[in-house]
Amino acid sequence: MRLGVDWAVQWLTLSARLMSEHREELIALDRAIGDSDHGENMDRGFQAVMEKLAQTPPETPGAALKLAAMALMSKVGGAAGPLYGTAYLRAATALGESAEIDAAALAGALTAARDGIVARGKAALGDKTMVDAWSPAVEAADEVLVAGGDAVAVLAAAAEAAEVGAVTTDPLVARKGRASYLGERSAGHRDPGAASSALLLRAAATAAGFPEGAAE
Amino acid sequence: MKKLINDPRSVVDESVEGFGMAHAELVDVHTDPIFVVRKGAPVAGKVALVSGGGSGHEPLHAGFVGHGMLDAAVPGAVFTSPTPDQIIPATAAVDSGAGVLHIVKNYTGDVLNFETAAEMAQAEGISVRTVLVNDDVAVEDSLYTAGRRGVGGTVLVEKIAGAAAERGDSLDAVAGVAEGVVRNVRTMGVALSGCTVPHAGVPSFELADDEIEIGIGIHGEPGRHRIAMESADAITGRLLDPVLDDLAIRAGEEVLLFVNGMGGTPLSELYIVYRRAAQILAERGVKVERSLVGNYVTSLEMQGCSISVLRLDDELTALWDAPVHTPALRWGM
Amino acid sequence: MKKLINDPRSVVDESVEGFGMAHAELVDVHTDPIFVVRKGAPVAGKVALVSGGGSGHEPLHAGFVGHGMLDAAVPGAVFTSPTPDQIIPATAAVDSGAGVLHIVKNYTGDVLNFETAAEMAQAEGISVRTVLVNDDVAVEDSLYTAGRRGVGGTVLVEKIAGAAAERGDSLDAVAGVAEGVVRNVRTMGVALSGCTVPHAGVPSFELADDEIEIGIGIHGEPGRHRIAMESADAITGRLLDPVLDDLAIRAGEEVLLFVNGMGGTPLSELYIVYRRAAQILAERGVKVERSLVGNYVTSLEMQGCSISVLRLDDELTALWDAPVHTPALRWGM
Amino acid sequence: MRLGVDWAVQWLTLSARLMSEHREELIALDRAIGDSDHGENMDRGFQAVMEKLAQTPPETPGAALKLAAMALMSKVGGAAGPLYGTAYLRAATALGESAEIDAAALAGALTAARDGIVARGKAALGDKTMVDAWSPAVEAADEVLVAGGDAVAVLAAAAEAAEVGAVTTDPLVARKGRASYLGERSAGHRDPGAASSALLLRAAATAAGFPEGAAE
């Protein structure tokens, strides 16, 4: 099974919906160890993505992700804006101009996205950032790919791993981002960026037809 | 949440619009994307200073746009750094060809967004240099962390670097002056209450009636630790001592003492803190050459204050004294 | 009650002491009795301006001592007018022989204490005239009541009369200028929260999360009525309309628009109020010639604001623009 | 029975004690319709009276009241400072230099005090001020005097009438002083100055030997 631009548009549409639905939850997570804006920023950013999608419908998955990258970069602000902007831009570049993408291309795009985040933010695994969602997601995707899974299976594995990864941030002491200012007090709270990353990857799997909540 | 606002989502737009109306002789306000530039910018031959960051710290930064200080300020959403698509046009609008200094408070979001903007402005042929302000001694400085935050000291960097630019220094020289201020200023803050981000609607943190937060930043984030309420004199010691230790200030040195309100504390209380801080410095044989007391780098309506100390030399003192004419800081003209 | 203080009974002494240390180049602080005088006072040949009142309204009045404004400020206990034994020596300390103008906010306590002091100073051979400021339109003005309160407009009276004194006007002329400002300025305020007098320890009044007080004064006293929270734009109309009506401002007239914070409201919100106020004035065809936005006449940490409008003419505008150099208001020097 | 300087000193001493004991109550009354300082001001003022009494013990009742007037005038501030200052000064003037005073002199001093308050503050009966305690007190004192009562009886009657007068301020709408800014909202609260006046007149009677609470 190969995924086309419809999947990409559906992914972004579901992402926007999830960011709006989880806006307050993400604000609350950021309030505990940050500055109470992550949900607001992501919601505002994906509203902008939806507007751009309506104005200039993209023709390839790569074009859709590039459009999203630009909108996020210019509307999210904060740490998450440039990080997600870079992630989506690198993923778009990895996908190139193909109209349809297979499991391998998809896994490559996820890897590119994660590498973009790391290149910008310089966070390592365990620093209690969105990297803690993206890195296990990339690894799980690669495993499924090697095992011969299709695009949907790759996304499903990535989504599940990201969710687990987000949960693993709970006990960590933050070493990057705003939560690091709290030192030991940052432990005991989930990283908001890891939580939003898990939601976005969940949206990618759902958009590809993987039933919501099927993993549980 | 009770605030003098119309809609949480229009707070920044409307506030900056009102600011532009009230100070029309000093600034021009651009909308969509939103940024504030000094009237008459670019100033021919002058290095331009651009700063910005999340809103909610007023008068920082827009209040410091004008002669002898900033050429542009770029306000983000409340407590959210601005985006490159604001920073780039602001940078372009004030560049006279002499180059632009970005003064950036050291937060991941601000650093990344200004970094992206600087790259793109440079690609458009504008010389950009960046100075990171990281004066908060409450935060451990380490290669493995996000490093120290930029807080109250930012206003001192903006004033002094602005004076260097106004006297005609080159971009590298202005950046050098700004870095000199950063090296010599340290700050630490306390909160007696949290603050409420308009779109969040609930306080950033809650303190009991007998609790205070030591080592807070300026984004309503909790501080390093929570202690029982103490006298103003005791709190002043808790803030000032680590500042002086970190700066390794010695007897005989001259400093600027800056007691900054977080927004919701009466001026009268800031002077009580100033009094004890000046006493401590006198006890240590340190000479307070210049002072600043007031609400300059705030955290919405948070109650509390920060104390900054800047080690002065003759050049910094002269640049501090140089005329400045902005909505929030003005002297000599 | 959490405040950056040491002891409720030493709040005024310590705050004024810190103020004097921070602004030693501008003021001298006298203790026991406590009052603040302009450095170098008396200024030869110049009419002196003395104001004062309860503390808790900082920067009013001490923050306005300096060139072009007050010669002395006399702080009482928090929200308690000062006593004649402070006012008399302050008056004597600044009289150059050209006479002294007492600028008094119209409260029974202030009026009686300044009245007594003026009588006694006159008995000592000092020419004293008194101007009462009573700009608060929230209070009914009647022969049978205490009359209108003096609130935000006070700072405008002090600035403009101070400029008249600085240019060399006689005592009668300075008093005439001050009276002209009083006739042409009106104010109305709103509170989103009460404030806590240090010695009382509990808030002056409590407001529910969706309530505001309209028509408040500056002593933490409740206002004229309590209404449900509204948008900043709606509140601005409620404050500004009675001010304009009472002044009978007509299209084509020029005004100074002053949005004053009560102490605990962020500057960003004051600009949102300013924006709407300026819009209303534009809709009415009134020209905003000068503006002032900030915390100048406060009520401790109260959240809220007041709006003042001063009808300008060329002379008042020129006096407003004249150089002033005080801790809290400075321009032109 | 005639009253000497001991009575006057005792009056001021009891006054200081009552102002200290009722400090918070008077602050609370002032908080409701004023600016929360009346109890603090009166307490501070009478502490100053006590200091002055210790420094320069007066020799006559008139001298004691003059000393009190000066201390109150210079330490109370607010509306109450000049009003009480004037009241005590006029009373002292009325008493002159007599070492001992009788019922008539006492009633005259109370009248002078009340007239001083009215002259300074220009409040009428029913304006919800301390006048509403002093005026009935003066009237009651005069009646007792006409009926042949002695100094103690004069003071006892004044104290009782002042207490009743203070209570009558409860329903009134203030027309003078800070409470007048509240308009109709001032009704339903006792005037703090009337309350402190009642306490001071009670102290005068107690100092003269009239048993505390005997009236009730």
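Letters A, B, C and D mark the chains in the order given here, with residues in each chain numbered from 1 onward.
Here, contacts are C-beta pairs under 8 Å (C-beta built on N, C-alpha and C of every residue); 3 or more make two chains touch, one makes a residue touch a chain.
Everything numeric in this text was worked out from a predicted model, so none of it was measured.
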item: Furthest chain, CA centroid comparison against chain B; value: D
item: Distance from the mean Cα position of chain D to that of chain A, given in whole angstrom; value: 76
item: Chain A-chain C separation of Cα centroids, rounded to whole Å; value: 55
item: Whole-Å separation of chain centres (CA-atom averages), chain B against chain C; value: 29
item: Computed distance of Cα centres, chain B from chain A, in Å; value: 33
item: Chain contact graph, described as a line, ring, star, complete graph or other shape; value: line
item: Interchain pairs in contact, sorted by label; value: A-B, B-C, C-D
item: Contact footprint of chain A on chain B as seen in their complex; value: 33, 54, 76-85, 107-109, 112-113, 115-116, 138-140, 144-146, 149, 197, 199-200, 202, 204-205, 217, 219-222, 224-225
item: Contact footprint of chain B on chain A as seen in their complex; value: 27, 31, 33-37, 40-41, 44, 73-83, 85, 120-121, 175-178, 180-183, 185
item: In the complex with chain C, residue positions of chain B that touch it; value: 1-7, 11-12, 14-19, 21-23, 55-56, 58-59, 63, 192-193, 207, 209-210, 212, 229, 231-233, 235, 259, 263-276, 278, 288, 291, 293, 295, 298, 300-301, 303-305, 325, 330-333
